[in-house]
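Look at the two complexes coming up: subunit A is in both, with subunit B in one and subunit C in the other.
On to the complex of A and B.
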């Protein structure tokens, strides 16, 4: 369409320019992405060293290089680091953060400050995981990345290491959920005009589905970690068979998170490959609709397969068969993807770059991992393979051969866009071949070793087992793999200082990020592009998506439009994210060392930062957002979408708590059980809460018609009713204690207090939120035009009410009826 | 199992009443009743007759739990969509848009309300308290089963509504809605499948046909709900997805070219007619 070559506007400085302090308070998605990338690469070095330590220890039988305890710490931290601190931040924090807004034609993510907050919370969580080093009774976590109960209970693993692991993962979970919330909202509401869902690049699709997976899969992990926290600190018995509980509960919660987690890591990698292959084959992605379909189908299925991690726990033949069937079904959408990728390359005019090498390597290595995955779905075979090196081989083929190959390919692909410099192709190809040799040499023999019975997680093996040769072979290969990464780091560093300057569109790309200069200016697009086709930039260059026309492409870049550039309002930088994350770190530390003042200090910092953020209104495009939302995302306001996504995630959180209550309620009743619950009192509470919802509706109506007086009256009423509910609950709890129903009395009481207590905490948060609105109202900062702020608080308030109705029915009424 | 009466009076009365209302509505309102509509309505009635008749007799009368669960599947997943498809918009409009009923239907048309209502009715209806009562008493059972049909109608309405006044959800939201429906299904099926004891007293006693123990029967029922419903919803999702693609492809450039030609990837005869 653009026939005239247009010069790249040089007058806009790249996002990398600016003073160094700007990296601490930045909320630019590209800078946040770079921060994520750099920290993840540092952790990759750490995790890689841990991997090499494992291989050195296993080099010969009865090796004394590491003690059994040190070995446990090393393999635990290798797994935890690689999953939470390397792969997820690289895929989501770095790649998605940088690329998604550029690909959908947006200026930033939906909530830029929350994006920065995600990063700083991630960093404090990552630091937290490693803090055990600095304590005498500490040490690193040593219960495996899966942290199986009841190994993690205080009586079996005393020290502080598991405390650091538990709270560290909770902190990381907050960061990940915020990221998921952000990307979901960004993709739903901020697409450029004309970019319908079916025109989104495949990478954006995979991040959209991944965000949904994050929002719905992390709550079970959070609940599991909270239970563990309570067991370790408050003396509950969520995972202790002595008290009638079952340690298997942890496995259910963990794998209910853990299997979707596999796809949280795999889907973005699939998306990357779906970008790389078409670009270097110069053909559109084969079967785009089927690719989208299979991504959604994988997400659908991923919630019904967690049990295949637990075949060996004795769930019984029925459950085993169910999970086997659902697990095998996943092979169908995955197969669709593999064949579509092959068909994309088939008949294309290929450009054999390093990025393309890695993408092709991905298809082969990932398929090997997929095939051994199908073996695991078969129960009798899995029972033989469980806890052997065969499993280690399988998931490394998926996570390294699959995900890591995609990440490495993407490095070569998107590096020019991020830094403005090219990577060295010769070094790249050397790295590729060393990676292939080292990777297969390390992990393929593990299939044999596993079949011969070598157990995983054991720090050494006997000389007579016949495993020595292949272990030595693997260790040598692992060092070759390490060498490959060394070459990559050399390549990255030399490119930063010496690399060839990258043009805007070095690969003849298909998507919008290649239409802007490398590196892009801080505000991305001067004018928001209009999208008329899938592969939007390709269509702009060549006129149609499918043609392989050899006409020269128009030079990339937006037309220089200084007038438009002056009107771009970018968000103000903010120090609140980094301060808040610091508060979270202090809070967690206070919990582990049981120092109340530290917890209070951290809590105060968190609280004040949140209030500060609430009142630091973003100057960032109220106007631009509204117009963008109206044109691209179906007219929904992004804050509303964000709150809905948050409510969805919260629903899973409460569903998990309620399910645990239902399972545990009638087990091991040492205390009075449901008999002491007071229906009249709680009926009154229920009534009060329902009435408060009504007042909330009135407050919103008053705001919408601009009635300040009644707005204050109804808001005040809602707050007071919320406080009455909380007071009722406090009275109820003390009276229950008086009747002998203490927090740790039995399984019923601990589940009851956890569930109802967490609901109470949500009511308290709602009351604080409404109080902030009330203050804003008295400061005259809540006019008609900000009715949405009241509406959002209202949504949350109604949600909390609905949860209470469910709790009241299931926990109070039903238990009373059945008890009577 | 032979010799039993498979068409129960309850089934006959319900079906007769529905057919009567349908015929009366068609005559009274006098709109054009397309042949496909009649056929679909006929299918709905057939499915209803099978569910409330033989399935009920075998599932409850002869104490085969898994057949009873199949009956519930028919009542919530098969009969309601067929009923909606079989009823023309002009037959519904006077009811749905009438002054006293319209606010009520407005509320039901909200997907969240529909989802929560269906979840509450479906999950609650499978509580041993109600299900056992229904097994012991034919009238309670008819009431429970009618409630399942109503719950199914409420659930399917937001994605199948034939009335332009109550527009269907947009396709991406339809997909999300179907995804949400996995929750009530799993919430009922998982506890039944994984239970360590027979949950419903009706099925704990009495002789069982087919040589199944009550426990095996319960597991089969739970599994049918879990996998059967899951696969069914997956098919529904697929249907919605490909309709969505069709709609979006219509907006792409070159939409006028024959669709089948797009399927040809590599062709040795570029000018061959498809």
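On to the complex of A and C.
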């Protein structure tokens, strides 16, 4: 048994203590995690009630409990809520936010203010999704969480509900991408000394790979939602066959995001299980390197399997075969993980806690979901099962039997670290068994019902279909599942007020979070730990051989050292994140109700908040916790890594826009098409933008030399060249309108204006960014020591330049090449 | 070593080029753009226009990324981040083009495999 922790001195209170207002402006990753967790649990209640409404409606044939329209709203919001407002925030916002910095030995995430911003934007997006309730022409979205086109077009779904869904998901997407950017940068740059990639805890690995998935998978969804927005508000026809477009484009864009999204939810769950099983088996994780490679391979393959959601659309035998093969391949690394988990438990000194129960339950339930998933990789079988209840059974075994079991296990595992209180194990085990009974009773019979032909998404069924008994069985089971969650909430609440005080290391843990007090102080570590082995804390306790007798156990609790703690600088709390998120909410609301003043007000709030946040960055001559971490981690400046990761995400965004342009450019040409594009004008614009890049690097060189005069000259030149480019673009657009090429003239024009317009918007943002730097330069606040600020703006500017290089070639110079 | 000293040393390691290199790269960019425009207007080059334009565009892209964005001088970590994202972006673009138009023409080698996997499809 590990040694008992020392008490925390009163001058270093836990992160939970403090002014309640401090929860609004907090940027502490642990508090942000708690905010995420509480919000997600509230939405879990909402999503759970929606699930029970579905089951009540299907309890008997020809039921009138819900109307068809209400049923559509309920199942749409159940899916949307559970995925975007419950599972993802619990895994990433709550668990990863709290645990990752502790496991890698960092004091916070790379960008604490952006972390808080992610949460408040998440809350704005969640509120936005539900705003239809309060609107006369609103109501809740009713086109499914997948929002298939062209059901979502205005003529098929009038009113505001889809608008709220569309813009709500765009807002949530911003939050998620910021979160992914933050975790990626944190893990790459802020690991404790000695924590090499192959010494990282498996949960950290899973979050690193998940972050990459987020950065590269969300842009196609963003583009798809933007197209839908334009169709509904500006009269374009991105998904309308009658205009020569195809609704299948939405399916491609959605599932390009949607299948990686499955792994965005599954990989963190895999990481959790990989933490729980070794701890409660008292053995190292079996086959750690293969587990790492498997996560990487799963993530990579997950980009190439989206078509298996679309076999029924008739993509053709070659495409079907390609996606069938990639979908089957993904079973190999997944199988490796399952066997490694079993081998981890095998022969271990097992400790049968509630968390371990859920971890074992995960292996069984997830494997069932995985096996039915492989069936869907086979095209002939999938064509029989698609859109039936068999699919509902499959994905609930993956997302509930897999992901939710991991989340529930993790609640019991990490709750003591988060709150400083233990959960009741008896209630926990009761919850586990009720969950197993309720879950399997609800979802296993769906395999039968699907095979017997019961379609998913129907709001009722006839009495003679033979589906009544199993539907009634499922409904009763669903209420048992609801009871299990009720017990969990009772357990959580009683633990908060009356739970046993948690020691620092209640499970004899293996990773660094167990080395500090429960709950930890605000700054996490007094001294950043040095890591010498994979299971860092276990090695400190028992020696790197894992033998308990080899070394005297280390003391859990990492007692604060007054002298050292005085030198820790934590960034100041900030209200800008909550204000900015409020601006985003206003902006979105203004778009839905077409009230330009509201959009302008929201935009102004966003703009001012971003400027405010930028000037709050604590690098102006003082040592910060970020810079300490940057030198201790991967050696790269975290802001530079963050900007590059953002550029990577933007690359996929523009690739999606360009792909759509290439697909649609020759379809249904009602207007003059590419013939009216002016090559001389755009050649001049290209020259101007390329030369602006030259001025930008010269500005950077001047800053690095400390030459303020030339710094201002070159920066000013870059801004002027950027403005000339924008002026050229405005002239070009006006000229094209004069030639009869309007935004909604045909598919070519809408794709052209969208692609080139988004590039122009990026140039405009770059001009604003550089103008702020120019002002800073004239205020003598851009010295040589802040050359990195110029370099970061330059990276963004050059990226905009190389995107234009591609657009100039593919859109303007290859105008005579036929589209796909 | 203090954190600031470590960072200072880090930046010293990645010395960026001087103005002469930047101007030379700019000259190359102008020449390459001129070549692109020439390829567009000269009808004799119509048959090889697509590969030529792609090569010229890639060259410009690479010059900006390597010299102006300093990938040639900075850590391989940054290059890896960008190249991986770029690869995914390119694969996405190619995949969508293939799915919408060219699949049956250009992936002919997949047809026998498809016949085995999907008998009677």
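Here is the rule we use: the second predicted complex is superposed on the first by the 778 of 820 C-alpha atoms of A that agree within 3 Å, B and C clash if a C-alpha of one lies under 4 Å from a C-alpha of the other, contacts with A are read in each partner's own complex, and residues count from 1 in each chain.
Everything that follows uses one rule, which is that a residue touches a chain if its C-beta (ideal position, glycine included) is under 8 Å from a C-beta of that chain, and two chains touch if they have at least 3 such contacts.
Just so it is clear, the model here is predicted, and its values are computed rather than measured.
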Contacts of A:534 with subunit B and subunit C, given as first, second, both or neither: first
Touching partner for A:741 - first (subunit B), second (subunit C), both, neither: neither
Touched partner set for A:696, first subunit B, second subunit C, both or neither: second
First, second, both or neither for A:196, with subunit B first and subunit C second: first
Partner chain(s) touched by A:318 [first = subunit B, second = subunit C, both, neither]: both
Partner chain in contact with A:649 - subunit B first, subunit C second, else both or neither: second
First (subunit B), second (subunit C), both or neither touched by A:297: first
Superposition-derived comparison: subunit B or subunit C, residues of subunit A touched: C
Contacts of A:795 with subunit B and subunit C, given as first, second, both or neither: second
Partner chain(s) touched by A:326 [first = subunit B, second = subunit C, both, neither]: first
Residues of subunit A at both interfaces, subunit B in one complex, subunit C in the other: 303-304, 315-316, 318-319, 321-322, 325, 634, 655, 662, 802, 817
Contact set on subunit C toward subunit A in their complex: 1, 3-4, 6-7, 10, 16, 18-19, 22-23, 25-26, 29-30, 33, 36-37, 39-41, 49-50, 53-54, 56-57, 60-61, 64-65, 67-70, 74-75, 77-78, 81-82, 84-86, 88-93, 95-104, 107, 110-111, 113-115, 117-118, 121
Touch list for subunit B against partner subunit A, complex: 116, 129, 170, 172, 175, 179, 182-183, 186, 191, 193-194, 219, 222-223, 226-227, 230, 234, 237-238, 241-242, 244-245, 248-249, 251-254, 265-266
Touching residues (chain side subunit A, partner subunit B) in the complex: 196-199, 286, 289, 292-293, 296-297, 300, 303-304, 315-316, 318-319, 321-322, 325-326, 343, 346-347, 532-534, 544, 634, 655, 662, 802, 817-818
Of all residues in subunit A, those that touch subunit C in their complex: 188, 212, 215-216, 220, 252, 256, 303-304, 307, 315-322, 324-325, 379-380, 623, 627-628, 630-632, 634-637, 640-641, 644-645, 647-649, 651-652, 654-656, 658-660, 662-663, 679, 683, 686-687, 690-691, 693-694, 696-698, 700-701, 704, 791, 794-795, 798-799, 801-802, 805-806, 808-809, 813-814, 817, 819-820
